[in-house]
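For clarity, chains are labelled A, B, C and D in written order, and residue numbers in each chain start from 1.
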Amino acid sequence: MTPPSYIMPLCVALPLGGAFVTALLGRRFPALAPLLGTVASALLLAISLLSVKVLLQHGVLVYTVGGWPPPVGISMVLDGLTAFMLVTVNLVAFLVVIFCLDYVNQFTARSSFYVLFLLMVTGMNGVIVTGDLFNLFVFLEVAAVASYGLVAFGMEKHALEAAFKYAVMGSVGSLCILLGIAMLYATTSTLNMADMARVLAMNEPGALTAFVTVLFLMGFGMKGAVVPFHAWLPDAHSSAPAPISAMLSGVLIKALGVYALCRVTFNILGASPRILGVLLFIGALSMVAGVFLAIGQWDLKRLLAYHSISQIGYVILGIGLGTPLGIMGGLFHLFNHSLFKSLLFLDSGVIEYATGTRDLKEMGGLRAKLPVTGATTLAASMSIAGIPPFNGFWSKLLIIVAAIQAERYGYAFWAVLASILTLASFMKVMRYTFFGQLNTRWNSVTETSFFMKLSLVALAVLCVLGGLLLLPQAREAFLGLASEAITNGTEYVKMAITQAR
Amino acid sequence: MIALYAILVVMIIGAIIAIEARDLLSAVIAVGTVGLGISLVALVAKAPDVAITQLVVEIISVVILIRATIRIGLPRSTHGSKPLLGVVALVFGITVLVIGAMAFAEIPPLGAPHMRVSETYVAEGLEGTGAVNIVTAILLDFRGYDTLGEATVLFAAAMGVLAVARPAGRRKTETEPNHANK
Amino acid sequence: MIAYMLCLVLFCLGVYGALAKRNVIKIVLSLAIAECAVNLMFILIAYRVHGSAPILQRGTEGGAPVMVDPLPHALVLTAIVIGLATTALMVALAMRIYQQYGTYDISEIRELKG
Amino acid sequence: MRTNEDNHKEGMSLIVKTITRLSVGLILLYGIYIVLHGHLSPGGGFAGGVIVALSFVHLVLAFGKRQAFRTLSESGTASLESLGGVLFLTIALAGFSGGYFFTNVLPNGEPYALLSAGTIPLSNIAICLKVAGGLFAIFIALVLLNPESEQGS
């Protein structure tokens, strides 16, 4: 049967239609917004799982929007990396929407929360699916503008300030990306990524490629919160509502930052050793700086935010190695990190929802009162620290082995050191929040409602089962194709062009 | 061509005034000149669509910016800047200018774009879409998907502003977060 | 070449203003300037010496007329409205911040520490 | 637009109000012209939409806040905007019938005529609705956000 390549525009049209209809009817039927949000993200999860199967059957698919062939019209490309990112984003989005069903009751204007949430998912899916550089920028802006509104949703003083600073840093990043796109258009006079790679490959890289690489590194670095540009992340995460900071650090900085950086550096500019060296350095810097900044934190959410920076450092370190094993390790860690980091943020949301404070010193012995949250936080802390049975261990192991294989002993050492410091930091978190004697103030605290527990337990189970992805047949279908899409870099061109003719 | 350079210089002077002016209102009006300078450059560079849109968008952004500065009882003068970040911004500016100068040598000179893909738009524009205005043809038919994303950005911004402008964020009455736990 | 450099100077001015200034509205203004500079870059890239405006005239049905590059114009239209959207959102946030903090000076808005 | 006594102190002076009453209609007409001729002459959905929004803004500036709600209440503008969005999305999805996502399904019609270029005029109208609704909703929200009240409620 003809390859069902129409699933790609569905990934964008579905949440977009949901957002518009929710905005139109949200005020008159308050129950419509949560219902539509859950149904839309459930369908999206099904579509992204279907896309992995379709990819296995039909290989790389190209969908030409509007019927115009690629260089003229916009094309959508479904290759290994796209399917992988679709599954990561929509899995976390579905579980966070379930968590939101109860968490959002404390806000006014709930329907606009769901509209902005669906728009953010639309933006991320649009960035992942598109094969056109300017289109990637437009959907990156959709996701970014929706997330500015969501960070400021709580309307407290620090939420507004954090949202403003995030908006300023985000806009400066977007302008750098747009300037880079203008320069690329000037030389290659096309906007299709595959076509652009083909033209750039013809003439050898000169000052222009350096200029464009610097601009894209700054722009996507700001979106992905790597160390030189990470200033907005701790503020934005600690004051955003918990499900939003789970989405932000779970998938948004990955889809907008790391994925776009990979797509641009590997598939368009061609990963020259210099760019890989820069990526390695930035990755290692983020990894170490993130952990050191996190050690001294007593505010739970800020601590988790700094750990996000260091885990993103792991991912970029893995991908910066350039070897197939390193890239697979980096992508696997990206998938695992989106699971356990969103679980940690949701747990901190439950703790804040129940006790009203985020300060570790005031908590204590909540294990008795919040058993489910305690168990899931324990699972997530074990996997972020890299304890064997959990998924974090496998991906960190892959990265460290790949670093050693590539004779990057320095980076391997830093990776191990950062992992140990992460373990220490999360033991401190567990010690202060759940173990120890129960702080008398919290004896009237009860466990959270059903939907919140459901999503927490689901994420914890996924954290435990994450390691199974390394089994041979699962690895080939899911991770292998994704890392293959990166390693063969500009050959992506032949597939995207020939497929479309 | 001299008109192009003249307008550019005027815009740069306007930008410097906008950043360094002590009075907020005059800063906003200086940004107005920069925006209108762009629509003049667009006219000189034969881009009527861009000129009309930029002119109109500039008007509404100046109205919004003035709305934010006029009705506030604050002393209109603004003081000082952050020295450390200023140095960082200057270093960023110098590196971008230097690398940019080298990069500009490689892109086609002003006035001679090699329009590989745009030739198909110009040639096929009329019979492909039936629209006489090629820019609208590109915007709505060849690359209509961009415009859908674009309309969504404006929709997201409007929803964001409505969410930010509502009186209270959390429900004070129903759930008192620290103890009563629904 | 000089026009591109002037445009880049405008871009650096905008980014300098956004990072270095303390007044919240000044930051929003500088970002608007930087965004104008990038749109300007697109228009300059599209300019063609003897090109005419990208609208087909009724008379010239002959060979394809010598036209200015229409694609960057479409991109600029999109970028202008994106810039307007972000500016409007930031102005709304700035006004809300003024309401809560009572000042426009970003260094005094120091609620988040550590 | 009958102006009663209490309405006088709102908004600007009388001269501005009378001028506005004349010019608002013209601005609105000009905006609608720009939208409908989007595929023939410069301008299009965006420019026309902003001009239409400016005509409402012009009205609000001249006649003050209360007048704003009589013309178009805030929820009205938001639903106008999402209506425009839904219309534009249906035009895009209608493209599915013609093969791909955004195909121009209607016949192109002969050039230089007003009703030519298939779905482009319809998309222009949808975008005009969306942009006008969006910008006016933003302006109404900013007008409501009176910064004088020191402590946010």
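Everything below uses one rule, namely that a residue touches a chain if its C-beta (ideal position, glycine included) is under 8 Å from a C-beta of that chain, and two chains touch if they have at least 3 such contacts.
Being a predicted model, the structure only gives us computed values, none of them experimental.
Novice: So which chain is the furthest away from chain B, centre to centre on CA atoms?
Specialist: Looking at centroid distances, A is the chain farthest away.
Novice: Looking only at C-beta pairs in contact, point me to the busier pair out of B-C and A-C.
Specialist: B-C
Novice: Per the centroid of Cα atoms for each chain, what is the distance between chain B and chain C, given in Å?
Specialist: Their C-alpha centroids are separated by 3 Å.
Novice: State, to the nearest whole Å, the distance from the C-alpha centre of chain A to the C-alpha centre of chain B.
Specialist: Here the centre of chain B sits 28 Å away from the centre of chain A.
Novice: Starting from the mean Cα coordinates of chain C and chain D, work out the distance between those two points in Å.
Specialist: Distance between chain centres: 23 Å.
Novice: Touching at least two other chains at once: which residues of chain C meet that condition?
Specialist: Each of 11, 14-15, 18-19, 45, 53, 55-56, 69, 71, 75, 77-78, 80-82, 85-86, 88-89, 91-96, 98, 100 in chain C touches at least two other chains.
Novice: When you check chain A against every other chain, which residues touch at least two of them?
Specialist: Residues 16, 20, 23, 65-66, 134, 138, 141, 145, 148-149, 152, 155, 160, 163, 186, 189, 191 of chain A each touch two or more of the other chains.
Novice: Mark out which residues of chain B touch at least two other chains, giving numbers and ranges.
Specialist: 48-49, 53, 57, 60, 64, 67-68, 72, 96, 100, 105, 107, 113, 115, 117-118, 121, 126, 132-133, 135, 139, 141, 143-150, 152-158, 160-162, 164-165, 168, in rising order.
Novice: Which part of chain C faces chain B closely enough to touch in the complex?
Specialist: 1-23, 25-26, 28-30, 32-33, 36, 39-40, 43-49, 51-56, 64-65, 67-71, 73-78, 80-89, 91-96, 98, 103-105, 107
Novice: Which of the residues in chain A come into contact with chain C in the complex?
Specialist: 134, 138, 141, 145, 148-149, 152, 155, 157-158, 160-164, 167-168, 171-172, 174-175, 178-179, 181-182, 185-186, 189, 191, 234-235, 238-239, 297, 299, 302
Novice: Which part of chain B faces chain A closely enough to touch in the complex?
Specialist: So the residues of chain B in touch with chain A come to 95-96, 99-100, 102-103, 105-108, 113-118, 120-121, 124, 141-146, 148-150, 152-153, 155-157, 159-164, 166, 168-171, 174-175, 177-179, 181-182.
Novice: Over in the complex, which chain B residues touch chain C? Could you list them?
Specialist: Chain B reaches chain C through residues 4-5, 8-9, 11-12, 15-16, 18-19, 24, 27-28, 31, 34-35, 38, 41-42, 45-50, 53-54, 57, 60-61, 64-65, 67-69, 72, 74, 78-82, 85-86, 88-90, 92-93, 96-97, 100-101, 104-105, 107, 109-113, 115, 117-119, 121-123, 125-126, 132-135, 138-139, 143, 146-147, 149-150, 153-154, 156-158, 160-161, 164-165.
Novice: State the interface residues of chain C toward chain D in the complex, per the touch definition above.
Specialist: My answer: residues 53, 55-56, 58, 77, 80-81, 88, 91-92, 95-96, 98-100, 102.
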